[in-house]
Amino acid sequence: MGVVVQNIRRTDRATADAFAEFGVATIHEAQGRKGLLAPRISPIYPGARISGTAVTVSVPPGDNWMVHVAVEQCQDGDVLVVAPTSRCDDGYFGELLATALHARGVRGTVIDAGCRDIAELTEMGFPVWSRCASAAGTVKETLGDVNTPVVCAGQLVEPGDVVACDDDGVVIVPRRKAADMLQASRAREEREAEVRKRYAAGELSLDLSDMRGRLTEKGLEYVDQPPED
Amino acid sequence: MGVVVQNIRRTDRATADAFAEFGVATIHEAQGRKGLLAPRISPIYPGARISGTAVTVSVPPGDNWMVHVAVEQCQDGDVLVVAPTSRCDDGYFGELLATALHARGVRGTVIDAGCRDIAELTEMGFPVWSRCASAAGTVKETLGDVNTPVVCAGQLVEPGDVVACDDDGVVIVPRRKAADMLQASRAREEREAEVRKRYAAGELSLDLSDMRGRLTEKGLEYVDQPPED
Amino acid sequence: MGVVVQNIRRTDRATADAFAEFGVATIHEAQGRKGLLAPRISPIYPGARISGTAVTVSVPPGDNWMVHVAVEQCQDGDVLVVAPTSRCDDGYFGELLATALHARGVRGTVIDAGCRDIAELTEMGFPVWSRCASAAGTVKETLGDVNTPVVCAGQLVEPGDVVACDDDGVVIVPRRKAADMLQASRAREEREAEVRKRYAAGELSLDLSDMRGRLTEKGLEYVDQPPED
Amino acid sequence: MGVVVQNIRRTDRATADAFAEFGVATIHEAQGRKGLLAPRISPIYPGARISGTAVTVSVPPGDNWMVHVAVEQCQDGDVLVVAPTSRCDDGYFGELLATALHARGVRGTVIDAGCRDIAELTEMGFPVWSRCASAAGTVKETLGDVNTPVVCAGQLVEPGDVVACDDDGVVIVPRRKAADMLQASRAREEREAEVRKRYAAGELSLDLSDMRGRLTEKGLEYVDQPPED
Amino acid sequence: MGVVVQNIRRTDRATADAFAEFGVATIHEAQGRKGLLAPRISPIYPGARISGTAVTVSVPPGDNWMVHVAVEQCQDGDVLVVAPTSRCDDGYFGELLATALHARGVRGTVIDAGCRDIAELTEMGFPVWSRCASAAGTVKETLGDVNTPVVCAGQLVEPGDVVACDDDGVVIVPRRKAADMLQASRAREEREAEVRKRYAAGELSLDLSDMRGRLTEKGLEYVDQPPED
Amino acid sequence: MGVVVQNIRRTDRATADAFAEFGVATIHEAQGRKGLLAPRISPIYPGARISGTAVTVSVPPGDNWMVHVAVEQCQDGDVLVVAPTSRCDDGYFGELLATALHARGVRGTVIDAGCRDIAELTEMGFPVWSRCASAAGTVKETLGDVNTPVVCAGQLVEPGDVVACDDDGVVIVPRRKAADMLQASRAREEREAEVRKRYAAGELSLDLSDMRGRLTEKGLEYVDQPPED
């Protein structure tokens, strides 16, 4: 009733790192609008953008023992992903655990529960994406699992998957698809750069993406506002 | 099943712009505590304060096609107001659309759904008031309406109404009442400046607003704390 | 149907003030994980950390009359704690009341309802912990109580208790236990400083807190990831 | 600051009554998927289905005075629609008010707030659609409006509009469109009866509604499940 | 870190039992609109109405060990009141614990968390008021407290207090005030019976409670609806 | 961008059917407290208990086209499991689709979105577990997937898995573990029958499960209530 899977296969380091170049929205689009965590997960401070490989932790409500167990399984370039087995807002993660993770090169933490020591984590620059701030401490009594597949904020995460995070939220890229998705993200970014330039110059998406015909076909009508009574 | 109303009557530009001088709370009070959007709508970054004239968009869940259609209807000084027909947290609006709106002089966007590209929007200084951050993209398959009356976050918004936004939220001022409400806001602001000065000097509202008599009449009692056991 | 209790017993000033030295998470742990307000209460701007003695206010929904009554009961070093009798998101508290409280030396406000004038409060540096931002004004029609015990965000608060607040939330320390809890917080802080140093040097909590034996006893298994298909 | 509009124009009685023959889902579809209240509004007991003409009430949080004022404006065949100006879960409406309304021939109540006396209302068969059950009483101190347009659970309701309610929720039909919408509902009901028969006989909507071509065109692929490892 | 208080003082049995004669709304009004649990607490099946004396349990998230400890402290006429120390939706309570409580004469359970075995509890007629249905089981690892004061769904409950529950929710009557509140409830019930009779006969509260003068004084205006355009 | 997987491997019919003999709570416990959907999913009417094999559908917000596609993939003994790609409360499923599914021997539907035609579904006895009731209709414009793994209400569901549902909620049993879990459920049920008998006779779990020693060891103290002041 408690397993730690060791020596997991991780996405190639260079690939996993390269995702931090793109926004979460771009990656999400590039992989066909899949992989996004629910929007209840948000960053504890604005402006961070990271990517890395998932070390997953399944924890009971109000118990962060397995997070301590998971630290040992983390290495440079990882992102810790913590999922409670039932809804819990407690502060499983704070500045001490962040210090331990930081010493191992971990990039950040994603947790579908509460985070504490917000001020200290902000100051040390260790980013966390969480459900809420909560000073509520947890116990160390019940086992869970490390590096088994988990569902975090409605999304399946397998150990070694890419985790990419920014102000918009968190997206998961499956390990086997990472290289392709990186390329797709880059292609999308390039297309968007072109579009951005033309939008800035006043062009309309109606023309640029040739929408007018299909709108008419669906029955869109343009009318003038009737005069006032 | 899809209408775009063109050439709407807008609140006079100078009037609409002048509301940005006041806080949303002041305007809300000035018009008899009406017109406020529900508090689930909040700014994507702190410190912005804008006002402008509403261009309204009614969108299906998960579909932002009509937002693209609406861009063309926007002009300098407008605020885009987007209301889904049923609850949806997806990221309908991001940096590309903001670029297109910015090119037309639009002041900002209010949306009872998700917003994405938070970091980019913050950097470019295009303010959005939304329900949540979400990287989730949307499709372009189903029609909706532009510049028809919508209910956004519990509030009726008609095209051309004044939309005023700050860190406290969003308030709507009906077009026909705008001039009067501007005057009322200014009057309120002046009264408050006087009150602020006297509060800062240590005066109490109990005296300043002469509340003591009415409190006594309603039965308020002052008692001393009983000694401890 | 409306009582103001005067001349309440407060926690000793030096003791109450000293709690601001510690984070809310530390104080919460030090007193056996008790006293925390629900995580729906959050600061209106990041970075504030205060402590003080509670002046409590029980208010009806949408009516802030008793907050005005409470101002007179406040003195240097107090924190105003406002609890509605049923859920209400309205903006009971804003910059004018803050000005009046500031003139009396009040440190901040905790309210399980809405707060308005966020921009102005941020600028004047008067911190508020609230349920949401809302510009919605309130009336002055119905009595409530000042300085009676209240339940605020799920936590019992008695007048004169210590209220400590930071980015993680709000914790209450009962007046009679304040001196002991201050000592316990200090002791905890010192232990954590030592732990932090060792974590930063790469030591694991598994070893430092000697968890390995108990984990094995509970049945934790370490396995290697099986090879891929 | 408080208006009662008398002698409102109501939808024709026979028309308003006839809507009770149809489910809310049917009416909603028939009028182009418009007019539905948010799904947070649900019936206090299962099995009721009513329709009638709206008498609207705008109430402050925690204050049901205007509901008492509204009773006098109600007549046979009406449905009372109550909308608080800001979120409030209090029990504005209970068995005594229901008794008064029942005496006037009112069909039921829709309220975006709490309802109390659930057991008694169930026993007397007076249906209420509300946000929650709550025994919390309200005061009678502040004015609101009767028979002005209100937004209730995200939907604009004008006095005299048709209100139709069943286990699925509540839909509003604007007075001027009521006759047309009644006909559209009837037509839809007939079409559905035919479809129901064919579905029951095992026919598929894929064939009946001729969807296969459009699905293929959009790119839908049918594949067999690959064999297990 | 875990206390069971034995031999608590309970409200007199006859008094506690007599409250079941009244609705929760009546009791809540009778004691000045105090003592109500938040409306998130609702009955698992309709139609139950009970009253009894509180045995309180404070439990950690996801751990129902102390509920088992509490059973032994229960006696005929009690109501078990369970409050987690932080939000948790797990199913702490089900049919086996209900069987044990039923054998001791306990009237029902109030829990600000999940309940399971809804079908079985309904069949055996053991009523529970809970936050939600959830089959999620809990562990037995961490201590809590029995018969200390708890805050349950925002309300302070002391052991031995009266707990009254019906379809509208749950209200707490402090032990020392129980006799007075029983009398006040009875008086209120009698007044309401009279009012009910007059409402049923078509009298208006506007006249019965003589509201018209005060409404006019506050500024209420009666106007006719203007003719249509 | 849209796949239908045909000829899926299903759990053996007899095994899948046999789970309906047990409550969801029992099955959840028997498989080590795994597999439960979030408690926001509840039955549209009380008293149904079913089990069957999952046919999964991934749908865009506000679009039920793929549900129509999925009907054809269903056979006798299946349970339809519908998961939107982002939160949506619309009424994707109603009585017409239920008629089509019923004709194919489908046992019921689980949907993390809205359900409509509650009264009709109740009457025909087709059970649905959903997030809410909503009459809001959906469009048929965008593809999704049938019989790919989905996350529904926080739980991974693979096609062919066992889905068991009752008044407590919904639990998933992976296909490969179904036979073992059935046995485990039966064993647990037998143990509980024995425990139930002894609880009913007044025995305490403290004795029956021999908890007293471990409670003392953890530090539980029994004290008498101190006399009143």
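By written order: A, B, C, D, E and F. Residues from 1 in each chain.
Here is the rule we go by: a contact is a pair of C-beta atoms (placed from the backbone, for glycine too) under 8 Å apart; a residue touches a chain by one contact, two chains touch by 3 or more.
It should be emphasised that the depicted structure is a prediction, and the values quoted were computed from it without experimental measurement.
Shared contact partners of chain B and chain D, listed by label: C, F.
Looking at the partners of chain A and chain E together, the chains they share are C, F. Over half of the residue-numbered contact pairs of B-D are shared by just one pair in D-F, A-E or C-E, which is C-E.
The greater number of contacting C-beta pairs, out of the two interfaces C-E and C-D, is seen for C-D. If you average the Cα atoms of chain A and of chain B, the two centres end up 29 Å apart.
With centres set at the average Cα position, the gap from chain B to chain E is 39 Å.
Residue positions of chain C touching 2 or more other chains: 1, 33, 36, 85-87, 89, 134, 136, 142. If you draw each protein chain as a dot and join the dots that touch, the picture is not a line, a loop, a star, or fully joined; it has some other shape.
The set of touching chain pairs reads A-B, A-C, A-E, A-F, B-C, B-D, B-F, C-D, C-E, D-E, D-F, E-F, using the touch definition from the header.
Listed in rising order, the residues of chain F touching chain B in the complex are 60-63, 85-90, 134, 136, 139, 141-142, 229. The touching residues of chain E, counted against chain C in their complex, run 1, 32-34, 36, 38, 85-87, 149, 151, 154-156. Per the touch definition, chain A reaches chain C in the complex via residues 1-9, 45, 65, 68-69, 71-72, 89, 91, 94-97, 99-100, 102-104, 114, 116-120, 122, 132-137, 140, 142-143, 147, 159.
Of all the residues in chain B, the ones that touch chain C in their complex are 23-25, 28-29, 33, 36, 39-40, 42, 46-47, 49, 166-169, 171, 192, 195-196, 199-206, 209, 211, 215, 218-225, 228.
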